[in-house]
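Two complexes follow with chain A in common, the first pairing it with chain B and the second with chain C.
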Partner chain A sequence: MTAVSSTELSRSRRDSKPRLRRSSPWTALAFLAPFLVIFTVFVIVPVASAVWASLHRWSLGLPGTPWVGGANYAELFAGSTVMSVEFWKGMKATGIFTALSAPLLITLPLGLAMLLHRRFPGRTFFRALYFAPYVLGVAVIGLLWRYLLDRQLGPVNQILGIDVAWTTTLPAGWVSLVVATLWWTIGFNSVIYLAALQDVPKELYEAATVDGAGPLRRFTAITVPGITRVLQFVVAITIIASANMYGQSALITQEQPGSDTRTAIGYIAETGIQGFDIGASSAMSMILAVTLMLLSGIVVLGFRKLGGNDR
Partner chain B sequence: MTATTLDRPAAPVAEKPATRRPPRRIALGITLVLLSVVFVLPLVLMVSTSFKSVQEANSLTFTLLPQQPTTAAYTEILGNDRLPVLRWLGNSLLTAVLHSALVVVVATTAAYALARLHLPFRNALLGVVLATMFVPGVIFLIPHFLIVNQLGWLNSYASLVVPSAAGAFGVVLVRQFFAGIDPAFEEAARIDGANAWQVFRRIMVPLAMPAIATLAVLAFLSSWNDFLWPVFVLFSTDMLTLPAGLAQLQGEYASRYDLLMAGAVIASVPVLAVFVFAQRYVIEGVSQGGVKG
Partner chain C sequence: MSARRRPATPASRRTFLGLLGSSALLAACAPSIGAGTAQEPARYREGEYTGPRQRLQFWNPFTGGDGPAMAAMVDAFNAAHPDIEVVMTSLVADDMYTKVMPAVGAGVGPDIAIMHLDQLATFAARNTLVPLDEVVEGLGVDGEDFVPAAWDNGVYRGARYGIPLDLFTMAQYWSTDALASAGTPGPVLDARGYTETVAALQSNGLAQPFWVPPSWQLFVTLLAQFGGRLYNPEGTVAEMGSEAGVQALSWMVEQIDRGVSPGGVTDPRTPFKNGTAALLADLPAAIPDLQLTAPDLEWRVAPFPQIGPQPGVFANSHNFVLTGQSQRDADAAHASQTFVDWVSRNSAPWIAGGNTPARASVRETEEFRSSPQAALATEGVFEVAAFLPQIPGSREIAGNSFQRAVGEAVLGGVDPAAALAFAQETAQAELDDVNELLG
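Let's look at the complex of A and B:
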């Protein structure tokens, strides 16, 4: 098929001298139309309106949407209203969860990927097995871990013969959320790492071994530089995914104790969608988003400092 | 693949190919088996408890397998019309498939235009699309709610299918693939009289199938996994997706774990079946998403 079309091409090139005419811009626009409509309505307009809304007072029962400048932000940063206290509590919960889970979700899958990178019988099977929990979705794993960690009826306490209130106290609640998340998503990052490991030239390992490099040296001198780009990608998506955590705390700890494990995004949704306080919740979204963008920026800069050797 | 390469660990090559180290291989085997137990045990317990009687599920002593297996939990949960688990399953599958299809159509057509067709400001547009990849998702939550509300889409399938369909990731992924295809294919077809649509449909799309499959899988999974959005924008029981429905189930049955696990099993079986069947595709999709993203 390939050969035929290229010979045909060369023949017709010779016959008809003039190059193909450039397609009309209308053709391109027609192809772009479906994307542009959805992109405009659900990407461009939202970004603009998120900024706009955060600068206006816009809530249920209020007649208009008066401009208030930075007042929504000022109130949140002042921390004197109930709403601002709850918001920062949510930010703290998000921060704690991210700080606890992201390092584990970045390192453990790499270990697992290196294990699976070896050739052994049934390797594909194990890879699929470790990935399987991810496809179940957060609701199933939420219910499942709620059961596993139930204080009286849960197998974890029953098997270990302990009495820990995994879902209603801290810091046990954080352990629950992190372990469940780890079990759920470890396969996802592993699979990404595994693909990256397969792209690291094997000759490098052989050469290093000949030069007398031990396993640790091979890891730091070949593996890590060889997968820097993917490592950076995994770090970035893991931080963002952890910072967006909602389902686990809604189902496993049910935001307990009190509302201590309610994450920022959960509180933003409650305030904006259930409470219809659009102005304040938009300002909260902006604060969380800017924080995440700064973090991503730090990750990128950090990796640049490290000097990504690949590419 | 020969036997020798199979026996040898691939990454850190053993000191000399001849020195295979049995203790290390045994350690590897043990690690794998232990890890497998960790991964599988929760699922075994989920299935096992779903077949326990109420009394046994409420027992304070641990039993791995139900002593008197019963399908009572399934009968009860499937007979509850106020909490239609199967309907939720259908809603989830339908919206995830529709979302995935929409993402594929929207991203591939746009990617073709951005990779190959003439358009003023094409690169500027591509730049704008790329820039949105760096906008954290939380920004879109409240505006999406307002827009969906404005469109009258609250509590509808459309609210699950459309809003996140124009992601930059898909366009970038497919565009990159299109850009790598030899233009000779298209030129030949053009000379034979094919129009842009025919070139796209007959040549570009079939060649880009690997990238498109990747995108379809990732879009399906992200829709299937979505929790916060459906919980907040769906409110009639009939419209719920499985994740939102399971949350209601938990609210209703608190610690009736026989019922909750039966619900979880019903929710897991179809997607696990799809996964077993399309395992390679799913995993390839995710790994390509990482390497190319």
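Let's look at the complex of A and C:
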């Protein structure tokens, strides 16, 4: 429809005023420009400055900022300095958190979305309820969980009748961080899944039921293929979000015990903002960013291999 | 979904480039924090400030029991100076040191601040602070009234940046009841006295009388007593891995190995408060804490005993500094000078914070003589006080080197010699970096 009508339109316009082209490439660019400007100012320029900074030895405020090429990277990869040891410890903590939280944040919301997709009284209420924590800021949920999990005063230990140092020991610390994050963000992925489930044609389920497919078969043969694209999106953004975790460990466990739950972002912030070491912290950010790009690439390739009902 | 609209005149290349150009111009207006130019020294201004009302921002790291004492001094100043309003903000030290440079750069930071002595070089090198030589000369403050070591250490690269408010040193606290009933009333004076006291306490039923945390201030104290130092005086060579350093750190680990202290201690005050331990090595900040949270405990405080072959004690000091922001105009600069001078001279309420006033005139007051920390304010202590040297980025270097080594050896069971060797290597590399960037 659209294609036909606009062709007609442009033809008729060309007949009357042949010099005015409707589809000047500059028109498209002008409409894209506002976003392009924002994207340039807030993404491209900062990333480029970070790359530039990572190639210098640069301590904020000190007069000398000599070019050192890849020395910051070489130092981090050599793993022999305190900074590199602590950075990779942070990367490991990030990896542990991602490995623990991402699978739960990908699977549980799907189950929740399928429940909320069914018809039952109070459905809208429950949809809102599960999404509600997501609207809270990280500072709010951080303080909330720190109180809930406090060893002496926290309701969690009191209700369960146990004595666990949820925020100052391992592995309890990881359990705390994963559970709090799960509670906080489960609603977001659920809403995305819910939207995807509503796009799967009902007739397919009816046909499958008629053909004698059970619930499990319907899930693997219709639901999963029907939402593959969304699943890929959820997997990718969940991994990225988990790998960028900072606030929870800063507020709930306060990076304890020692600095064992300090994530890569936590150490980057400490190095750059507290220690003024812009060069090294930029190099760390780049390493984290490239790692995430590679992971996202693997996710995309993995889903491409899986196929799905792509047109 | 296609809404048919009359297409507007298509954009030309010129309009597009015009749009692009104007947005680039906007982007170029973004502020930036770079290395500023070196600060002009603050000029001395005659007398107390009078004139249009000035509002000054005053930041300090007094978030504990010392906060109310400083607030009382600020209130007294404001009451006595109707033309000046000082607004005090207390921040956790780490946060304050993180925020102060960008905040001052943007003109929304403090005009006056309290910084630890070992932080002066860090912020002087980054042009956050202004030299105070002319101001102290004009005010007639020449160090005569101050503890010499604290006064002399406020200089970086030939310029004075700090006026000491107080000083604080490593101290020993003991439970008077526990030591008396063991037959060894405190204080502990030396290594032999320490061994005897610990043995007496242990045979009196207190298995672990002295809990050793990974306290780097304790390490610096012992380092000085064994004849070592962290850096050379020029701040170019790291020396913490010396024989003295290994002896100092080994002594701390030994207390755990011999069972005098349990392992994994991070909070030694709690066992001291509840009687599980009878000896405590801590800074004077423990004084208001003990008074407040353990009112029933009978305790005393004295200088830390001489464990090594020579006397020595970790020391640090809170200093008044003026930031570049305070020099934005003559009136603000004059009002800031007035505040620092007045509070420095009227610092008696500060005694309640547990620290030792840097001025002899304040230490001579009856109020100070009757305070617990008066026991720490002896000429002997002042003479052997080991202050950290003025090195830009000193806290980053410390955190990555000797502080880390103390933690690894005391909590992680790493061999003291190995931990300190690595610390010295790290500190040296970071010192070299900083000295290179300073140009």
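Definition applied: the second predicted complex is superposed on the first by the 265 of 311 C-alpha atoms of A that agree within 3 Å, B and C clash if a C-alpha of one lies under 4 Å from a C-alpha of the other, contacts with A are read in each partner's own complex, and residues count from 1 in each chain.
Operating definition for what follows: a contact is a pair of C-beta atoms (placed from the backbone, for glycine too) under 8 Å apart; a residue touches a chain by one contact, two chains touch by 3 or more.
Since this is a predicted model, take the numbers as computed values, not measurements.
K.L.:
Touch check for A:V82: first (chain B), second (chain C), both, or neither?
P.N.:
Second partner only.
K.L.:
Quick check for you: in the superposed arrangement, does A:L105 touch first (chain B), second (chain C), both or neither?
P.N.:
After superposition on chain A, A:L105 lies in contact with neither partner.
K.L.:
Using the touch criterion from the header, give the chain among chain B and chain C with more contacted residues in chain A.
P.N.:
B
K.L.:
Touch test for A:V45: chain B only (first), chain C only (second), both, or neither?
P.N.:
Both partners, chain B and chain C.
K.L.:
Of the two partner chains, chain B (first) and chain C (second), which one does A:R57 touch, if any: first, second, both, or neither?
P.N.:
It touches chain C, and chain B stays clear.
K.L.:
Go through the superposed model and pick first if A:A93 touches only chain B, second if only chain C, both, or neither.
P.N.:
neither
K.L.:
Have a look at where A:L29 lands relative to chain B and chain C in the superposition and call it first, second, both or neither.
P.N.:
In the superposition, A:L29 touches chain B and chain C alike.
K.L.:
In the superposed arrangement, does A:I273 touch chain B (first), chain C (second), both or neither?
P.N.:
both
K.L.:
Just chain B (first), just chain C (second), both, or neither: which does A:T65 touch?
P.N.:
It touches chain C, and chain B stays clear.
K.L.:
Once the shared chain is lined up, is A:H117 touching chain B (first), chain C (second), both, or neither of them?
P.N.:
In the superposition, A:H117 touches chain B alone.
K.L.:
Residue overlap on chain A between the chain B contact set and the chain C contact set?
P.N.:
On chain A, the residues that contact chain B in one structure and chain C in the other are 5-6, 9, 20, 22-24, 27, 29, 41, 45, 273-274.
K.L.:
Any idea which chain A residues touch chain C in the complex?
P.N.:
1-2, 5-6, 9, 13, 20-24, 26-27, 29-30, 33, 37, 40-41, 45, 57-66, 81-83, 258, 273-277
K.L.:
In the complex, go through chain A and note every residue touching chain B.
P.N.:
Against chain B, the touching part of chain A is residues 5-6, 8-9, 12, 16, 20, 22-25, 27-29, 31-32, 34-36, 38-39, 41-43, 45-47, 49-50, 53, 112, 114-115, 117-121, 124, 126-140, 142-148, 150, 152-153, 155, 158-159, 183, 188, 191-197, 199-200, 202, 205-206, 209, 215, 218, 223, 230, 233-234, 237, 240, 243-244, 246-247, 250-251, 265-266, 268-269, 272-274, 278, 281-282, 285-286, 288-289, 292-293, 296.
K.L.:
Show me the residue ranges of chain B that touch chain A in the complex, using the header's touch definition.
P.N.:
Listed in rising order, the residues of chain B that touch chain A are 5-13, 15, 25, 28, 31-32, 35-36, 38-40, 42-43, 45-46, 49, 57-62, 105-107, 109-110, 112-114, 117-120, 122, 125, 129, 132, 134-147, 162-166, 171, 184-185, 187-192, 196, 200, 221, 224-225, 227-228, 231-233, 242-247, 249-250, 255, 257, 260-261, 263-264, 267-268, 271-272, 274-276, 279-280, 282-283, 286-291, 293.
K.L.:
Using the touch definition from the top, list the residues of chain C that touch chain A in their complex.
P.N.:
So the residues of chain C touching chain A come out as 1-2, 4, 7, 9-13, 15-16, 19-20, 23, 27, 30, 33, 35-36, 94, 97-98, 101, 125-128, 392-393, 396, 400-401, 404, 407, 411, 422, 426, 429, 433-434, 436-439.
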